[in-house]
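Chains here go by letter, A, B, C, D and E, matching the order in which they are written, and residues are numbered from 1 within each.
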Amino acid sequence: MNVRPTISDLALNAGKKARLFRILFQHGLCNGTGLFLPYDQGLEHGPRDFFANPDATDPGYIARLAVEGGFNGVVLHVGLAEKFCWDFAGEVPLILKLNGKTEIPSDAEALSPVTATVADAVRLGAVAVGYTLYVGSPAQAADIGQYLRIREDASRLGMPLIVWAYPRGAAIEAKGGKDSFYAVDYAARVASELGADMVKVNFPHPEKRSGVPAAYDTDFSAQQAMDAVVRSANRTLVLVSGGERAGDDAMLEKARQSAEAGATGLIFGRNVWQRGHDESLKLVTKLQEILVKYPGQSIESFASRHGSFGEKMFLSS
Amino acid sequence: MNVRPTISDLALNAGKKARLFRILFQHGLCNGTGLFLPYDQGLEHGPRDFFANPDATDPGYIARLAVEGGFNGVVLHVGLAEKFCWDFAGEVPLILKLNGKTEIPSDAEALSPVTATVADAVRLGAVAVGYTLYVGSPAQAADIGQYLRIREDASRLGMPLIVWAYPRGAAIEAKGGKDSFYAVDYAARVASELGADMVKVNFPHPEKRSGVPAAYDTDFSAQQAMDAVVRSANRTLVLVSGGERAGDDAMLEKARQSAEAGATGLIFGRNVWQRGHDESLKLVTKLQEILVKYPGQSIESFASRHGSFGEKMFLSS
Amino acid sequence: MNVRPTISDLALNAGKKARLFRILFQHGLCNGTGLFLPYDQGLEHGPRDFFANPDATDPGYIARLAVEGGFNGVVLHVGLAEKFCWDFAGEVPLILKLNGKTEIPSDAEALSPVTATVADAVRLGAVAVGYTLYVGSPAQAADIGQYLRIREDASRLGMPLIVWAYPRGAAIEAKGGKDSFYAVDYAARVASELGADMVKVNFPHPEKRSGVPAAYDTDFSAQQAMDAVVRSANRTLVLVSGGERAGDDAMLEKARQSAEAGATGLIFGRNVWQRGHDESLKLVTKLQEILVKYPGQSIESFASRHGSFGEKMFLSS
Amino acid sequence: MNVRPTISDLALNAGKKARLFRILFQHGLCNGTGLFLPYDQGLEHGPRDFFANPDATDPGYIARLAVEGGFNGVVLHVGLAEKFCWDFAGEVPLILKLNGKTEIPSDAEALSPVTATVADAVRLGAVAVGYTLYVGSPAQAADIGQYLRIREDASRLGMPLIVWAYPRGAAIEAKGGKDSFYAVDYAARVASELGADMVKVNFPHPEKRSGVPAAYDTDFSAQQAMDAVVRSANRTLVLVSGGERAGDDAMLEKARQSAEAGATGLIFGRNVWQRGHDESLKLVTKLQEILVKYPGQSIESFASRHGSFGEKMFLSS
Amino acid sequence: MNVRPTISDLALNAGKKARLFRILFQHGLCNGTGLFLPYDQGLEHGPRDFFANPDATDPGYIARLAVEGGFNGVVLHVGLAEKFCWDFAGEVPLILKLNGKTEIPSDAEALSPVTATVADAVRLGAVAVGYTLYVGSPAQAADIGQYLRIREDASRLGMPLIVWAYPRGAAIEAKGGKDSFYAVDYAARVASELGADMVKVNFPHPEKRSGVPAAYDTDFSAQQAMDAVVRSANRTLVLVSGGERAGDDAMLEKARQSAEAGATGLIFGRNVWQRGHDESLKLVTKLQEILVKYPGQSIESFASRHGSFGEKMFLSS
């Protein structure tokens, strides 16, 4: 098991640290872990995602669910944030997604254009921003270019930056696919190298080995893979994505393995709101029962752990 | 039937709300609905659209028609707005279209370049701006990029932003086509996610099911489809487009279904001005006879509906 | 016959109106018509255009011809304007061409890059600027994008903007070609929609009907086509281009038909300077003999025509 | 024989004129002609150009040669200018090349990216800047776009602008090739139309007629072709390039024909420094023996030639 | 053997010179040579590079190694620099890598997008910045364009600029490949022409002659090739890269030949940290035993070497 980095390890500026502290220690379980509710699928997949539970078409329903479930944050695009966030302002942290696209054209050269600015996030009272980086896309030059501007703005405005590190495009499809261990491990590292504060990854599938580099073409357990992903992210906090709706047992096991590996939190959307209201809340409770067992270092223990600032610190690997 | 959002639900800034109020409550039926006259076809299709009624070649004729018919707004590109709007300034609201293109090259990677700025709209006394977003086009990254700048300017200058949410391009043609239920529903949602104040959509065709995602590949009535589109748009006001000229009965039925579904208004161009002057006004009267039956919440009732600002509000879906 | 718009109909700002007045009422016939000498072919076609009359290689020769012939303006690119215009400054109005390209690469996706700015035009004492818009080119997004910047600058600096509205590219070749009635009519309209003050068009060929939209696929006379083009341009003043050198009778007839249709002027280059000096001036005299019969409304009659500013005005179509 | 334009004919601003005067009348033969040493081949071709004379690898060797040979200028890219020009500052004029590229990828859509700014040239004490324009390249829109910025900066900072007018790309290869009379004549004209102060051209080959326009598909002597190129450049001063290393007699004859045609100078690189030190200087002497016979009009005679400023001047063609 | 340029030969501004002095004379052997530890492979290759020595996954481990080994600098991307450099700030110089990309999509048109700015480097206390230029890539126009901005910023902020001069792309693969003598020699020259202060090159392979220009298609020894590369770089300091992990003897021989040729230093990453901790340090010691034999000119001897500033200096070639 890895030692999960604390928010003090990230050498954040004051604004970023204050906002991360609000998310992780003043909402949800208030124990340094996080459970997030993403709701950007209306743009990414269209309303088809809401057919399983039509109530979920309504952003107001989602916001209420986020408050009731004690989520650490709800993720919205700017249009919904502008029209709905004053309804729940202050009750659940807003994470403003800053880029997105439709699923309609081909993903072979995927690029997610910027839909809002860090300044929009500040204006709307958001506590963090999200950016989807399509790791390995042939459009990576344009992607990293627009990401750079957002990283700079987020730093200047003290806004934590969560990178949706998504392997995507024709090349990665030929090298194990977007949720292979190779792809997820690489994506986590890219986010870390490029300065994300948190990284959202898919759960890695070490059994997808067709076309992966030799180092990954051997037997790894899911736990080993998840452990490695968290190590590759080093001091970037890891959030594990729920992805498409799946069976509850499998999902809870993935959540437990993620926490065990040192991930800071979970970000589950369709698995939550594609079921009825009460069932959603029941699942949330189960996820929180896992996270409560993996408390992050409370901020009070920081001084004792680090001694003086001049002392060296290295993560044990 | 959906509850139509009021302009207070949109959490608009003062300039946007004042201008929307002027459009919806101080022109036309003054009842919160809107009937709009688009006249951007000279750029989009060329003068061929005017051959059915040569008078329509003249922007002055169109402006007169807009005044006589009691429209809530006339939509022009900057060139016509500059040369003609001083003739009718103040008599009918001007909506400045901010992008457009010719129909000559292929639409496979459709992108509508910016032809004017929000500052032009302010200078010309416009009360709203229009932007065509080609939802699903392979050029979506460039499209969303230029849209972002316009959304920012419109917000800064208090100018309501109407998005022409048009599915377009090779990919959507392979997934049901541009007026399939899937495409129109998705387009309405995209406009909402990206921060449109109003969205112009085509009437959805649920019977176009070839290649659509599974959720849409079942029997829906036109009314069910239109209802869903308005729900997908949530607090973004919906305008339904007339499209190509069609039979009167079919058109009036579409108008009625749109109003029934909670759309705020209609935007009919060719169906109006491709017939003779007096026939145009007769059709307008019939459309207004429909809209008058679906009054929007008057601004006076706002306080009573919402109680205090701190109270939660959710749209019933 | 159309009523030709006056320069007051265009709702121009003071700088634009003053410069247009100088061009149309203080040079040439001083009667509201214009005869222009374009000399951008050295860039567009290269020196091969000068082999028929080697004197025409020399911009000084052309400038002298413009003065001697009593032209309303000479059109130059910035390099020639800078090196030669101080020789004739004040004697013949300078129209600075702001974009151009060579004929060497394919025109399938034609785009004419910007070669000078409106500020250059101001610095050089020009009275108008010219911009080539390749209507229907697959590169229309880039084209309209750079045009927008120039329209804004021209407006800010009070500089009349003449659009060379040239259908071009693979798509228009498949729909009747670049001088079909469909193409020219559409191009004139596009310039008007996008805010040109004047538009330069080729003479339309209604007999080119292969691939044109149904509305154009019927018998029209040349005069009917030219009339329609001027109506499509509405309050944008029309200049008709001479194009490649042709027989004198045919050209003079085109000139007469253009004036009859309500065009404001003629812009003839190769037809003028590809012949010897004296023959050039003879042709100019014949063209002026046509234009003198179609005087534009003198500026004095403006008040009497329009009555008060509040009165409505519409062009009869 | 053409009359060579004087630097007063160019209507330059004070900074440009002062710097051109320094180059042409205060260095080299000080007679209004120029002999230039280009040394940008390390970027354009790589070190392979230095294998014939390894000393030429060293920019210091080249700078010494420029001083010893009495050149009117040495052409360097910014890296070499920064590291070496303080060694010879003031002794030989520096011409900073502002764009360049490697020869490695295909030239089919050639574009030479900007490598330094006019401000760099000012900082380094340069007296002129050079820009390679790939006339006829399919990338001409991007090329002319970046050229425009440099022309503006050069004008603002009073820095003479020398255009390397190089026909290049797939299209010109199909129309006679890059050193056909057609291509060179067109390139000279393009530089003039776009505002170059000097243009560097290759010596034209009128015998390359395959695919050229009709006007060029007839017998011209080399002298006739060179004469025409200088006329096409009109008031833009012409420098003739040496190109690849060739036999001395042929080269000297080309130099003589260039001067005879009215070219202002010669720009010889590989033909100079690909031979040993002493042989280089011998060739330089022979080139200067030619140029001394074609003195440019001295600055003192300017007033007498032009009389008053109001008097018209035209080049005899 | 070449005379290695001193940092005074580079005509640097005060900030650049101060920082280069700190790197070369105040860290490591303090003798004007440099041994650098690059750690950008997490982005360039992904975590697969760390499987040989899992400790190397942790940037903290690498930083400790850099301090213990007495490196002259450690190369990091901005994300790792931000989160880890405060641990070792001041103990080992930080070189901030300013661009990078994943290995996932094709390298045929390689371009390394900008990931951080020179201002980031200043903020993080870096002493130099690194930029990867893909010499010969079809994307060279975009590459040189973004490089230009960084060169300007580095100059303005006094930050030494190290160019990773990497031949890359389909064209160079057809001309000997990316580590042919031709490719490496050309790359070194390009960095010099474009204003790099230091250039990182691969060790050249003169035996790779398939498709290279004639000048390179003959027998050269490795030493001759390395000598030539350093001469092509002239006053740009040369660092030789270790590349993929190789046998120790071969590597030490390459290091010795590099120093012999006049290279200023070595930059070895995978060859160092892909082995265990103690073995890493042993290799470092052996590399330093080589470098200690090739001391650079100490700064004190500068005045005596150069005499007065007006005296000419040329590198013997």
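Here is the rule we go by: contacts are C-beta pairs under 8 Å (C-beta built on N, C-alpha and C of every residue); 3 or more make two chains touch, one makes a residue touch a chain.
Here the structure is a predicted model, which means the values were calculated and not measured.
Novice: Which chains are in contact with both chain A and chain D?
Specialist: Touches both chain A and chain D: E.
Novice: Mind checking chain D against chain E and telling me if their interface is mostly the same residue numbers on each side, over half, or mostly different?
Specialist: Mostly different residues: under half of the interface numbers shared.
Novice: Averaging only over C-alpha atoms, locate the centres of chain C and chain E and give their separation in whole Å.
Specialist: 58
Novice: Taking the mean of the C-alpha atoms as each chain's centre, how many Å separate chain B from chain C?
Specialist: Taking the mean C-alpha position of each chain, the two centres sit 36 Å apart.
Novice: Could you tell me which residues belong to chain E and also touch two or more other chains?
Specialist: Counting only residues that touch two or more other chains, chain E contributes 142.
Novice: How would one label the connectivity among the chains shown: line, ring, star, complete, or other?
Specialist: Shape of the chain contacts: a ring, since each chain touches exactly two and the loop closes.
Novice: Taking the touch rule as given, give the residues of chain A at its contact with chain B in the complex, in rising order.
Specialist: Counting only chain A, the residues touching chain B are 40, 42-43, 46-48, 50-51, 54-55, 57-61, 63-64, 77-80, 82-84, 86-88, 100-102, 104-106, 111-117, 142.
Novice: Which stretch or stretches of chain C touch chain B in the complex?
Specialist: 9-11, 135-138, 140-145, 148, 151-152, 167, 169-172, 175, 182, 185-186, 189-196, 213-216, 228, 231-232, 234-236, 312-315, 317
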